[in-house]
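Look for subunit A in each of the two complexes below; its partner is subunit B in the first and subunit C in the second.
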Partner chain A sequence: MTTITETTSQQPLVERRPRREDRSEWWAALVFTLPFVIIYAVLFIYPTLQMIWLSLQNAPLIGPGTFNGISNYVRLFHDRLFSVAFWNTAYFVLLSVIPSTLLGLFIALGVNRLKGFTQSIVLACFFLPYILPVSVVYRIWLFMLDQQFGVLQPIIAIFAGTHMNVFRTLSLFMPAVAFVTVWWLTGFNVLLFIAGLRNISPDIYESAALDGASRWQQFTRITWPLIWPVTVLVLTIQLILQFKIFDQVYLFGDGGRSDATMGMVQLIYRNAFQKNMGGYAASAAVVLFAIIVVFSVLQYQLLKVRGEK
Partner chain B sequence: MFNNGRIAVIRNIVRAALLSSALLTVGVGGALAEDTIVWWDFLGGGDGVRMKALIDQFNTEHKGQVQIQATTLDWGTPFYTKVQTSTAVGQGPDVMTYHESRIPLGITTGALSVITPEEQAASGIKSSDFEPANWKQAQGPDGKQYAIPLDIHSIILYYNKDELKKAGLLGDDGKPKGLDGAANFDAALAALAKTGVTPLSIPTADGATMWRIFYTLFNQQNGAQFLSADNKFLDGDANIADATKALTEMNSWVKNGYTPAKTEYPASIALFTSGKAAMHINGVWEVPTMVDLQKKGQLFDWGAIQIPVFYDHAATWADSHSFAIPDRKGNEVPAAKRKEVLDMIHWFNEHSLSWAGGGHLPAFAPVRSSDDFKNLKPNSDYSSLAATAVFDPVSTLAGVASPVYDAAGNYLMPGMNGEMDPADAISQMQSDLQGQVQ
Partner chain C sequence: MTAATDTAPIAATMSPRQYRTIKALDIGGLIATIVTVLGGICWAFPLYWGVITTLKPEEDVVKPGFQPWPEHFTLDAYTHVIFGTRIGQWYVNSLVTAISVTIIVVIISALAGYSISQLKFPGRRLLWWMILASFMIPVPALIVNHFVLMSQFHLINTWLGVILPQLVYGPVTVIIYKQFFDSVPKEFREAAKIDGANEFQLFFRLYLPMNWGITTALAIITFIGAWNQFLWPFLVATEEPMFNVTVGITQVTDAFGVKYARDLGSAMLAGLPVAIVYLIFQRRVTQAIMLTAGIKG
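Let's look at the complex of A and B:
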C-alpha cells in the first residue's frame, strides 16, 4: 500500500511538465497513423474476425451458413489431408528457409568483395530470378527438368541412372520445389545481407587486421555478430513466406498426386473454392494463421535472445 | 457596342453548346437503341481466337441491333469462383460459357438460371437438334434446363500413317485397321514396337488425361456405372472389377514399354509430332496443333479417329462447352435481354461450323450433318463419337477441375504408371470419393 501511494504521489510531479507536448505529439501520431489504422481495421481486423466467425459455421463460400460450434475444427483435426498438409508445409519450410538464408549470406559475402561495375552485374544476375513471376519460374523449370526433352536430364541420369520426372516422383517433389524456390527467392536475401554488410564500418576490419585477426576470425567475431539482426529479419520473413507456400506446389503438383503433395494453403483453397465449403476452409485458415503467429513470435524471440547474448 | 458584341459572342457560345449537347443526346440515344450483351468466357489459345472471330461476325451482322461485349477470364476454378462471387451480389455477365460437367456444382452454388421450354421455343432452340445425352447433361436433378450446349469435345486417337503402314496397321481407306478389342489393340502396339517406334504417347503425368481415358474404357463395358443414382461411387464388386480392368489395361501399356511413363502434356504431343511415337491419345482440342504444323509442312501424313472399342460397345468420355445465363441475385437478366441472349445462342449454334475448326464437334446436329462439316477433316472422321459419348458423372464432386479430377491424379496416374497396383488404386479412389459425399 505504501509503495503505491508513494509512486502515485511522486509520478505526477515528473509527468506534469511535458503534458502539453504530449497532447500535440498524440495528435500528430493520430494524424499520421489514422489512415493506416483505418485501412488495417477494414482490410485486416474485420475480415479476420469474420473469418473466425465463418469457421464456426457450416457455410458455403458465399451466402449464409448455420452455426455449428467447433465441429469444423474437430473435423479438421480428424482430416487425413490436414495432417498431410501440415507436415508437407513443415517439411517445405525446413527445406527452403534455412538453405535460402545460408545461401543468401554466402553469396552476399562473395558479392561484397567485388567492386564497382562487376559487383552490380553479379548482384543483378543473382537478383534476376526474384523479379520473375511464379508462372514463368514454373515454365522454366518444367522445361529444364522435362523427362523426355529436359536439358538437365543427362545430369539426373548420372545420379539416378535413368531419366526421371522429378515432379511426379513423390520423394523428390518437395526437395525439387524447395530447390526451385531457393533459386527463385534467394536474390532478395542477398540484397538484405549486402545492406547489412555495408553497414559494418571498414575501420573495424582494419583494426582487426592490424591486430592480426585471420579471415575466419574476422567473420566469426565481427561479421557474423554484426549482421545477426539482418539474419533474424531474413529468417523471419522467409519463415512467414514459406509457411504460406501455395503457388509453386500448386503449379508443379497440378494433375499429379496432389493429395500427397498438398500444403496448408492448398487445403484451404481446395475446400473453399473447389468444394464450396467456406466454413470448413475458414477453420483451416484460422489454424494456419495461429501456427504462423506462434512460430514467427517464437522464432523472433529465440533468435533475438541468442543475438543479445 | 462592345458590350453588345460580347453578349452576342456569349449567346453564340451558349447556342453552340446547346446544339452540340442536343446532338450528343441524339447520338447517345441512337447508341442506346443498340443493345449490349455482356459475355464472359474462359476460352484461351486457338479456341479464343476462333470464338473472337465468331463474335466479330455476330456483331457485324447485328450492327444497330445488338452487340456482344466479350471478356475472357482464366479457365477452370478461377472462372467458376468469379462467376459464383459476382452472381451472389447481382453482378456478372448476361451470358457465359460453362462446362456441362460443372453444371451440378453451378446449380448448388446458385450461379445458374433456368432456361424454360417457352423461352427455348421462342428463340428456335429445340432439344431434338442435340444428342439426347448431351442435352440431358445440361439439366439439373429437377429436370430443368440450365444451359444450351455449343459443342462436344472428347478424346481421340491421333495416328501417324507412315508408321502404321510400316506395321501393317493401315487400311486402304487411310484409316487404322484391327485396333478394336483390347487384345487386338495390344497386339497392334506390339507390332508397332517391333518397327522401332514408340507405339503410343499419352500425357501420363496428367491426371485429367488419365481420367478421360479411364472413363472411356470403363464405360465401354456393359453395365458399368461410375456413380449410382443414390450417390455411390463405383458401387458393388462388378463396378470395381470393371474399373480395375480399365486401369490394368492402361497400366499394361506402360509396363510393356509401349507408352512412356510420367510424360508431361507438352512432351507427349512433341513425341507424336516429332515422329517418335506412332499414336497419341489426347483431346480434340489438339487438332489445330496438328493442322497448323501440317500447313507449315512440318508434319507427316496424319489422321484421327474415335477411340477404338476395347470391350463391349463404343463409348468415349466427353464434355461440352455450353452457354448459360447467370442467376444474378437481385439484378436478374431482364426477360427482353434473355430473349436476345437466347437468340444469340441459337445463332452461335447455327454458325458452329467455324467453331469446329478447334477440333470440337458442333453440338447442333444440323451442322454436324451438313456437307460442309462432312468435308471438314479430320473432324468428320471422329464425329461418330458424338452418338455414344458418355459425359462426366452428374455430381458436385465431378467435372473439370473437380475432386474427381484430383482423384484421377492421386490414384489413376500412379496406377497407370506402375507406382500403385491398379486394384489398390481403384479401391482407394472409391473410398476417397465416397468419403467426400456429403
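Let's look at the complex of A and C:
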C-alpha cells in the first residue's frame, strides 16, 4: 500500500524513464520468449515447411530424395486408397460429430436441471470417459462388444438376430468405432454446453413460464437461440478433431490391416512408415493440412460473426 | 420441497389453466431427471464393467450369464500384469515423458505469455499472430517430418524423442496465460517497479504467484493430455522397453488367447493416474477444459 502512495508522489520520475525501460524490456522479452520461439520454430514451423518441401520429392522416409514437382499429388488424386481414406474419414466425421453434439446438448439440458451432489455425480458419469486414454477405451469396448463374451451382445442379437463381431464386419466397423468415440468424447461437449446454459439468465425462463410458455416453446424460443454459439463451437471443434482420427480406427481395425477401414492420418502413416515413401506420405499430409486449415478458417469466421452481433 | 413452497403463492394468483401447465411441467421435469440419471448410470456402466471384470478369475469372465458382482474376488489379473509384463517400465516411461512435457510446456508458455502480455518488444505482434495461427496446423499431419527430425537428432526410442514433438501443444497455454496476465491490475506492476523489481522478479514474485490457480489447472490438463497421447509415442518408440503405457498395453498381448481380466487389468492401471488426477482436481480440470476451448470458466 505504501508503495502505491509513493508512485503518485514520484509521478514525474516515472515519466522520464520510459526510453531506458523499453530497452531493458527488450532484453527480458528476448530471454523470456526465446525458449518458446526456438521450440516453435524447430518443432512447428520447420516441420511444416519441410513437409511441403518433402511432398514435392520422390523420397524415402529417411534419406535424400529427388525433386519431382507435383507428381506426388497427381498420383495421390488417382490413388484409390486416397479416396477410400478421404471418404472413410468424412463418413466417420458424420457418424461421430453430429450425434456427439446433439447428445452433448441433451445431456447438458438434463444435467443442468439437477442440483448439488446428484449433479456432480451424474456429470462425472458422463465426463469420466473423456479423460481416459484411448487404449483404455479400446480395451473396455473390445470386451463390451466381444462376439462371445460381450455384455452388449444380447442387445445386438435382438436387432441382428445373432451375435456379431462388429469390428470384423465391414459395414458395422465405422458405426461401431463412431459409437465408441461418441461414448468417449461426448463428456467434453456436455461440459461446454453446461457452461453455455449457465450463462442464460434464469429470469428469462421465469417470465416465460409465467407467460404460459410450454417447455418445448422455452427450448425453441429461448434455449436454442441462446445456446447456438456454443453449438457452433462444439461442432467445429469436433469436426476438426475427428478429421484427424487415427487411434481408435487403428486399434479396432487390428493395426490397420485392412485397407477398407483406412482414414487420412492412417494413410500418411501407411505410406511413410510401412511403405517407406516419405515424399508421397507428405503429399497426403499436406492435403490433410489444407483441409484442416479450411475448417479452422470456417470456425473462426462462424464464431466471429456470432461474436459481433 | 423448496420448489413446492415457491410455487404455492404463485399458483394462488394464477388461472387454473396456467396452474395445470406448471404441474404438467413438473411431471415432464421429473421424467427428464429420471432419464438423465438413468443415462448417467448407463454411460458409466462400461467403466464399472471394466473394473469389476478385472476382479474376477478368468474362468468367471468367460462364463455365460450376467454376473454384476464377482462371485470369487481375486487380484490375479493385477498380479499377473504387474509381475508378468513390462508395465512397470512403460509406467516409468509414461511418467517421465508426461511430467517433462507438463513442466516444459507450463514454464515456457508462462514466460512467453508474460512477455506478450506485459512487455513491449519488436516482433510482439508477429509472435502473437503466429501463436493464433498455429491452431490451424493439424499436429498429426506433421508425424512424417517430426519423425525425420527426431531421427536426425538420433532421438528415436528415447524419452526426449517422445517429449519434444509434444511441446507443439504449447500455444494454447500461452494464450490462456496471456489472458490471465492481462487481467492483473497495472498498479501492482508499477508499484513493484518503483520498489526496484526487475522483470524476473515481477514474473516470479508477482505474476506467477497471483495465477497459481491457472498454473495448476493448465499443468493438470497438460499432464492428462501427455499421458493419454497415443499416436506419437507409438511412432517414436519402436522397441518394447521404450513404449509408453498407453502404447504398451495395446501392442503386447498374451500369446495364449484372449485373457480379458488381464487385458482390462492393464488398461485400468494405464487409466488410473488420469482418473485419480481428475477425481482430485475435478474443478481445475473443468476450468482448464473450458479455457482451452475458448470459454472463460
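Basically, the second predicted complex is superposed on the first by the 248 of 309 C-alpha atoms of A that agree within 3 Å, B and C clash if a C-alpha of one lies under 4 Å from a C-alpha of the other, contacts with A are read in each partner's own complex, and residues count from 1 in each chain.
The definition used in the following text is that contacts are C-beta pairs under 8 Å (C-beta built on N, C-alpha and C of every residue); 3 or more make two chains touch, one makes a residue touch a chain.
The shown structure was predicted, so the numbers you read here are calculated from the model rather than taken from an experiment.
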After superposition on the shared chain, which partner residues are touched by A:V74: those of subunit B (first), subunit C (second), both, or neither? neither
Which of subunit B and subunit C A:I155 touches, first, second, both or neither: neither
Looking at the overlay, does A:F273 come into contact with subunit B only (first), subunit C only (second), both, or neither? both
Contacts for A:Q147 in the overlay, against subunit B (first) and subunit C (second): which applies, first, second, both or neither? first
Between subunit B (first) and subunit C (second), which does A:L302 come into contact with in this model arrangement: first, second, both, or neither? neither
By residue count, is subunit A touched more by subunit B or by subunit C? C
Who does A:P60 touch here: subunit B (first), subunit C (second), both, or neither? first
Tell me the contact category for A:I237 with respect to subunit B and subunit C: first, second, both or neither. second
Once chain A of both complexes is superposed, is A:R168 in touch with subunit B (first), subunit C (second), both, or neither? first
Which residues would you name on subunit A as touching subunit B in one complex and subunit C in the other? 61-62, 142, 146, 148-149, 273
Where on subunit A is subunit B touching in the complex? 60-63, 142, 146-149, 164-165, 167-170, 254-260, 270, 273-276
Can you tell me which positions in subunit C touch subunit A when the two form their complex? 10, 17-18, 21-22, 25, 28-29, 32-33, 35-37, 39-41, 43-44, 46-47, 49-50, 53, 61-62, 66, 107-109, 111-112, 114-116, 119-122, 124, 127, 130-131, 134-149, 151, 164-165, 167-168, 170-171, 174, 187, 190-192, 194-195, 198-200, 203, 224, 227-228, 230-231, 235, 246-247, 249-250, 258, 260, 263-264, 266-268, 270-271, 274-275, 278-279, 282, 285-286, 289-290, 293-295, 297
Of all residues in subunit B, which touch subunit A in the complex? 77, 81, 84-85, 88, 105, 108-110, 205-208, 260-267, 270-271, 396-397, 401-403, 406, 409-410, 413-414, 417, 419, 432, 436
State the interface residues of subunit A toward subunit C in the complex, per the touch definition above. 3-4, 6-7, 10, 14, 22, 24-26, 28-30, 32-33, 35-37, 39-40, 42-44, 46-48, 50-51, 54, 61-62, 107, 109-111, 113-114, 118, 120-126, 128-129, 131-136, 138-144, 146, 148-149, 151, 183, 188, 191-192, 195-196, 209-210, 212, 214-215, 230, 233, 237, 240, 243-244, 246-247, 251, 265, 268-269, 272-273, 278, 281-282, 285-286, 288-289, 292-293, 296-297, 303
